[in-house]
Structures are given as C-alpha cells and as structure tokens.
C-alpha cells in the first residue's frame, strides 16, 4: 500500500465531511424554526422529569405555557416547587406567589386485619381493570384495591405497597406531589394535601360512602359518618357528606381533637409528638354531651404546642 | 369454598403454553436429529448436547446473576435455540467455538433485548452468523457424511460457487449430488441441513400440532423456487436448477425452523408471506451474486430486522371490510 | 356447513346439562328485583313499601325509550326498596318482595295452550313487547323493542334468530328449542310480522342436532323460516358473526346490523315475545342453566326473576366444597360473582360453577409474538398490539387500531400460550377510548347547540330590528 493511496482516502473522506457539513448548515438555516429563547432557558430550570404533574405534556410544554402566560400564579411545577418557580419567575421577570408544598395522602385505612377479604381477585394486576370489573376483594366497595396502579404511576419511587397492610404508603421525602398517583387511582382514594409544618398532617383515612352500619361491617376502621369529629372541631374544618367526613386542610389548625373523637380511628395524624396520656374521665362525657363540655374540654386538649394559639377561637366557636 | 374467585372473562383457557410450543418444535426436530446422528455419529451428538447445555446454562446464569430475575429456562426456548444453533454447525467444530456461539446467541441476541419475546433477531441465527464471520475456516469445513470416509468436503453450494467462479458451466461441475442424494442426505453440510426429507417431516409435525402455520415456509421455498427458476431459464449454464436450490444450503432448515421463529416473524398472514418472499429472494441473490455460497442465515437475519416495519403496515383483514 | 369467516376458536363445549329437561323451580320466600336489569336507564319504581302486588303487575316503569318495564315476578307484599350487593360487589337498588301465594294479575293467560294466529298489528306488537319489559335474553339485555323499531330510511331484509348458544356449558336455549319449539316458531312469525320481513333464519350450532331436527320438522308448517345448521365455532353467537354466518354479510365497523338489513334476536327473547304477545305475559321468569363440573346434577330450571342464585345451586345439590368460582353466564363472557346471594335477572342465561383448578389463571409470561391471538380474533384485530397499547395508555393509537370493534369475546385470552390477560387490558383501553369518544360527541353536540342558539338569537335580533 503506498502513501498516495492513503492520501487519496484521507482527502476523499475530508471532502465528504466538508460537503455534508455545508449541506447540514444550509438546511438548518433554511428550515430554521423560530422559538422564543426563553423557552429553552425555562426548560433548563424545570426538573426535566416530564412527569406531567403540571398538566402539560412534559417539561417543554410547561415551559412554553410559562413563557406565554401573563400571570404565573395559575401555573405550578409541583416537582420543582417554590424554588423552581422563583427561578422561572426571575427568567421571565414576573412575580410568583409561593404555594404551600403538598404531598400525596392515601385515604384508605382498610388493612388486612380491619377489612377481611370476601373474594379472591385473579385477573390482571391492575387497579383500573379490577375496578372496572368488580367492587373489590373486600366488602368495602370504595377502598383500596391493592394492585398498585399508584406505585406504577409514580416516577419518583415515592409510593410503595406495604405487604403487611396491603395498602400503599407515601414517602414524604420523595413525594413531589405531581399528582400522577391521584390520577391513576380508580377509586379516587389518593389526595394531594398540604405537607404541613414538620410534615404534620391530619386526614380522614377513609372514603366509604356507605351508611355507618354497612361501612362498619365491611371494615373496622371505616369512617361511619357519625359526625363526632365535625362536632368536635373548633374551626369548622370538618364536613360530613355522603356518610364520610372530610377535613379541609386550609381550615385545620392541627388541634387533633377529632383524632381522639373518632370511634373507628379513621382519622390519622402523623409526625406529631405523642399526646399526653388522655384522661379517661373526660373522654366519656365528650361523647355523651359535647355541647356542655366545651370549657372542660379545652384545657386537657390544649397542651400540644400547635393547639395553643387556637384556644380563644375554640371557645368562640363553641358558643 | 369460603371465598369465591373473581376474574374478568374469559374463565377458561385453551391449555396452550409456551412450553408446549417449544416442545413441539423440539419434537419436529427429532427426525433431523436422528438423521444427523446417523450421518455424523457421536461427533454430532456431542456438538448438539454442548450447544443445548451452553444455551440453557448461559440463560440461567445471566438471568440469575447478571439480570437478577427469575430464570425462565423452564419454558424450553433456550433448548430450541441450542438445538437449532447446533443444526447450523458442522459436526467437527471445536466445542469451545460452539460454546462461544451459544453465548452470543443467548447473551447478546436474546437477553440483551429483554429475553424471550423481546429479541429482534433469531438468537440461533445470530449465533450462527457470528461464528461464520469470526471463524470462517472452521465453519466451512464440513465432514462428508455417509459411511465410508470422513474427509472434510465442501457443501454442494460450495462446489457450485467454486465451479461457477472458475468459469465452468453448471453441468460441467462434477460431484454435484443428485436430487435423491439431497433428499436422503448424501452430501456435505451442517448437522441438521443434510437430510431434506426429515426436515419436511418436521414441518408436517409442526403443522399438525398447530405450532406454526404454513405461510412462512411455503412463501420462502416458493419464492426461492420461482426466483431461481427465472435465473435458471435465462441461463442454465450459470445458475443451478431450482430444485437443487431449495434442497441445499439449509434452505429447508431455515424456511421451516428458523424463519418461523415466533418472535422475529410478522404477525399477520399477509405479513408472513411478504417476509417469506423477502427471505427467498434475498437468499437467491446472495447465493448467486454474493461472496458466500449460501445466504439463508443472512436473508433471515435481514428480514428479522424488517419485521417491525412489516407489522406496522400489514394489518389483518378487519371484520366488515368486505362490504356486504 | 356455514360459519363466520374470520378467526374463531374451538373451546371444549362441555354441555353437561344438555340432557336435562327444564324443571320448574319452586317460588322462593322472598325475591329481590333489581330496577336495572337491562342496558339503558334504570326503571323507576312505582310501588311503595307495604303495597300488595300480584304476579305480573308492573312495579317499575321504564325511564325513557332505551329502558325496560319491570313486573313483579311473584305475588306478595313489597318489603323494602333498598340497595343490595350485586354480583360485582356494588350496591344497587332493588325492590324486595315477600312472597304470599301465587296470584296472577288479570288478563294473563297462564295456560300452556298454544295460540297460533297472530291478531295484533305490527305497531301493536312492538308496543306490547315494550310494555311487557322484554329485553335481549342472551345476556346483553338490550331492550327488545328498540331493535324492532327499524329507523326510518332503513329496511329489514332478514330476521336472524340466534339459537347458536356458542358459550361452553350453557344449554338453556338448547332445551328451549327442544321443548318449546312450537312457541319459538310462532314467536319468529310474530317478529316477522312486526318487522315486515318474509324471511327468517334460525342459526343453530351443529352440536345441538336434536334441536335442529325438531325445528326443521316444525318449519315445514311455518313459511319463510329456515333453520341454518352452523359449524361449531366460538363466538358464533356474536351478533355480527351470526349475520356473517347466516347471510354472508359483514356489518362494517361502527355500524349496526340493520345497516346490512338484518335484525338479530335470541331464541330466548323470541319465546318471551311469544308469551308477551299471545299470552299477555310479561317477562317475569326465564330458563336458567345451572351447570359446571363440580355440581352434582347440572340442570335447566324455569325460575322467577329475583330468585337468589343460591336457591338454584341448592336445587342442583348445593354448591360443593371444591367450587371456587361462580359465573353469571357462560365461561367465555360471563361475569364471576362475589357471592351467591344475588338474584336471577332478565339476562341470567346460566350459572356456571368452576372448581379450583379451572378457576385459577396461569401465571402470565412474556408475549412470544406467536400471532395466535391475531389468527383467532373474529373481528380481525390484533389483540397483542391492542393490549400493549392499552397498558401504555396510548389511546390515540388504540383508536387507530379499531379497538372499539372488539366484541370482548375472549378468544385472544383463551388462546394465548403465554396466558396473558389480553382481553383484560383491551377492555380497559376500550373503556377509556369509549369515554373519550362520548366526551367528544357531547362536546360536539353542545357546540352545535350553542351555534344553533346563537343563530336563532341573531335571527330574532334581526327580526326585531
């Protein structure tokens, strides 16, 4: 093989490369599509998970919407949170209002012990399919089906099935409140709620709309719609509709009175310091005559730090 | 009967299983296996057993220790891959090469893509082509079967290629086996390809067991016959006659056992026929104009890659398309 | 022998109760009559708790055109009107009646005498069918009068009677054709008159040779009725498949049988129509086939609507310990029940019981792309592809692949060597695409109405000006 041959090869390759580069350059010039450069910048700030939690198809869609939007308050990247949104606002030179961080909450408490199985499901492992076909493996037709559609929907590995309870559990640290699990759950059990100070949250862990006796028969920890919690709540945060209680997290002041009042323990409070030992004497009258109980009630229920400032309002509400 | 079982319909199943289909293929390969043992003796058995053991072993080891999933060797697909790979090898191949081929087939062609059902090319053919390119000398020296002498000889297609290259016309090339020799296997070649009758018997077995449909094998063989026939009529000196073509060089083995691989063949009858014709025509082209004397493996490999496109455009005939 | 042209499978037919003649089941102590036993709007109850009702008395009125009347299947007192847990585990409203004697409402002919001459006019027949609450008895429970009311501009050229009973196990239609052949034939004549057609075909699969013979013998006395023996193949009882098998016409995608000039009715429905028109008897009882390998004596019963399934099972010797699944309907398209204290409804064509071994599905494996599902799909679809797209929730692609054509016959899941739940996923995708289509249609309709309202307002304005 001689030098000439190698030279020809090198030259030919170089020439081919050059021609290709020129073609590419002219084509890219000719067919250039103008795009607002800010879209790229905004997309760079967004997390890039393409989870769809914002309601747009992926982060690029969200970036386009953000650039177009007059007002950023209606758009929120649940994954990036306030940090990310303030960066976006800086790029676009607009104001952004900080939204309180949220987290997914599973509103079913029917673990294997509380909610005995009445049938065995043997179809495809998908809640959506099971739900379309029958009410569930237990007598509760509202509760968690346990096939893990929410687990499959989560892109952040934040929701796991607990094999002991048969219910999904959310990891506060990993959950970004994108809402994918909320959409995936055919029984609408999962809700996005305020993350709360120090991750402290209170919610009714049941969505059973059956009448009390029916719900109770199906699941020992069902909300029976008795309304005790609503009566107990000093802030009017609890409503009972269709035989099931709901706590409005925007009104809840975390006093935890409802937790104690719930006869089926369907109201959950997490990440709180333990309450001082409840005095058995005041529990009974609380059930029997809540109206006349207010002055007595207040003192023992108050000691939790969070409940302190609420005291005066409490009395007012009761009157 | 405390708790009733709930599942969506249908509540009955045909009882068909992956294993049943794979065992069906194995059963259909038995006649060819017996022929291989008859012609090539213990060597053939050793190559076959090595290939199967290596395929099953690699599948188990890779799934267990690298992919960390439940091994699926019980479905029998690795056995089929091992058998078919072995059928594509000469019986005097060094065993380490056989093992290497099995590793490529299972490790690269099958499990890289996600295991059974996910691979884009037929693992056995992948392994075979890999060996053919890596070890051309070993892969193309075949022991002549038959009883007397075990000297290494060329395949009929090899003889043909050499002859045509050196300027002879087809009829001048001596040593070309007759049709009956080909049917009964009196010619050189890989383990499984020599005895055409056994392969045809296997085809019938698979049809009866409903493991495969007729479309692909018939399309492959038919198109080869037609296409070679056209060449032959145009220039009988330069090209072999079509009957010779379909009986040599693993055409039947490929058409019946390799092109019909479920995973890498199209899903609709029309798609299967297009795919089969593609294989037939490519094989004839490679054999007559390519560097290799035979082209079945390459043709199947290429058409495997076209399968997704065929699936995309060849839809089954929908109900109601026939108006009235 | 005739059959449909695309796909199909051959499940074991297991017609265990084919030889058992229809037995009348005693009236239970209490019946639960659900107000929704048909496709369409649930009926509205018109009785109150404590009311005394007679057998055959109207107790719930149809709500709209696509709905059906419900009559009391027994005589007695209305005990409660409340929710009960249906076979799927959901709570549904029902009228619960405590039985006292068996006193029939006036004007109903309860004798078994056969009345041949048809006195009513076509419009009256359809009205009667609607009044008597007749629905499709094959399991689909589509109100029968809707199918009989041929829309203007379309013409019915052939009436096709579905006596196929292609579901394995079930034998209720078989026994009906064997024991009530005369009535069925008169029923067909009534339908022919109502639809104004001169030709009717009764499609029967070849595994019911005695029924074919019986009806063929009778058909010599009835002009224009042809009994068509069909080759054994599932899902021949599907409306579209049956039309293809009998008259070689294929209903195009998204169209109805009437678009190819055919109306299909089940033999059970035909019998109910005979009773309604000739005997003035509402749909209050039906033939239910109770069958399955674990049962001691699989049988066919004539039962009142509202009878608990449990009592039917008891009449066959009770639900054995080995039973693991109770299916309302046949094993291919029936629905498994959560419990057996559910009432028989108009669409209950059978109860199939399965043991542990048959009830359990095999574990799912990778798709090996064997194309068997494609080759058996009677609608010419690609189940492997549809189920994959459905898993990935790619609704646009599903729509492009004609997912809405799927008749949910289950042939794909039945045949899959990898035991994949193909139909489970396809059904899910079909449901989602269906919801999407309905939403689009609603949006379109709303937009059109808004447009119309706007145009009218403008018109008014210009008129005023």
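Residue numbering begins at 1 within each chain, and the chains themselves are lettered A, B and C in the order written.
Operating definition for what follows: contacts are C-beta pairs under 8 Å (C-beta built on N, C-alpha and C of every residue); 3 or more make two chains touch, one makes a residue touch a chain.
Source: prediction; values computed, not measured.
Distance from per-chain Cα centroids to the pooled protein Cα centroid is smallest for C. Counting C-beta pairs in contact, the pair that comes out ahead of the other among A-B and A-C is A-C. With centres defined by CA atoms alone, the chain at the far end from chain B is A.
Chain B and chain C have centres, each the mean of its CA atoms, that are 49 Å apart.
Put simply, the C-alpha centre of chain A and that of chain B have 54 angstrom between them. Inter-chain spacing, taken between the CA centroids of chain A and chain C, is 42 Å. Multi-chain contact residues of chain A (touching two or more other chains): 118-119, 122-124, 129, 133-134.
Among the residues of chain B, those touching two or more other chains are numbered 4-8. Chain C has residues 335-336, 338-339, 359-361, 421, 424, 427 in contact with two or more other chains.
Looking at the complex, you find that chain C touches chain A at residues 85, 88-91, 335-336, 338-339, 359-361, 364, 421, 424-425, 427-428, 431. Note for the complex: chain C touches chain B at residues 5-6, 9, 11-12, 168, 240, 244, 249-253, 255, 260, 319-327, 331-340, 352, 354, 358-362, 365-372, 374-375, 377-382, 384-385, 402, 405, 408, 410-411, 413-419, 421, 423-424, 427.
For chain B in complex with chain A, the touching residues are 3-8. Residues 118-119, 122-124, 126, 128-129, 132-136, 139, 141, 210, 214 of chain A are the ones that touch chain C when the two sit in their complex. Residues 117-124, 129, 133-134, 137 of chain A are the ones touching chain B in the complex.
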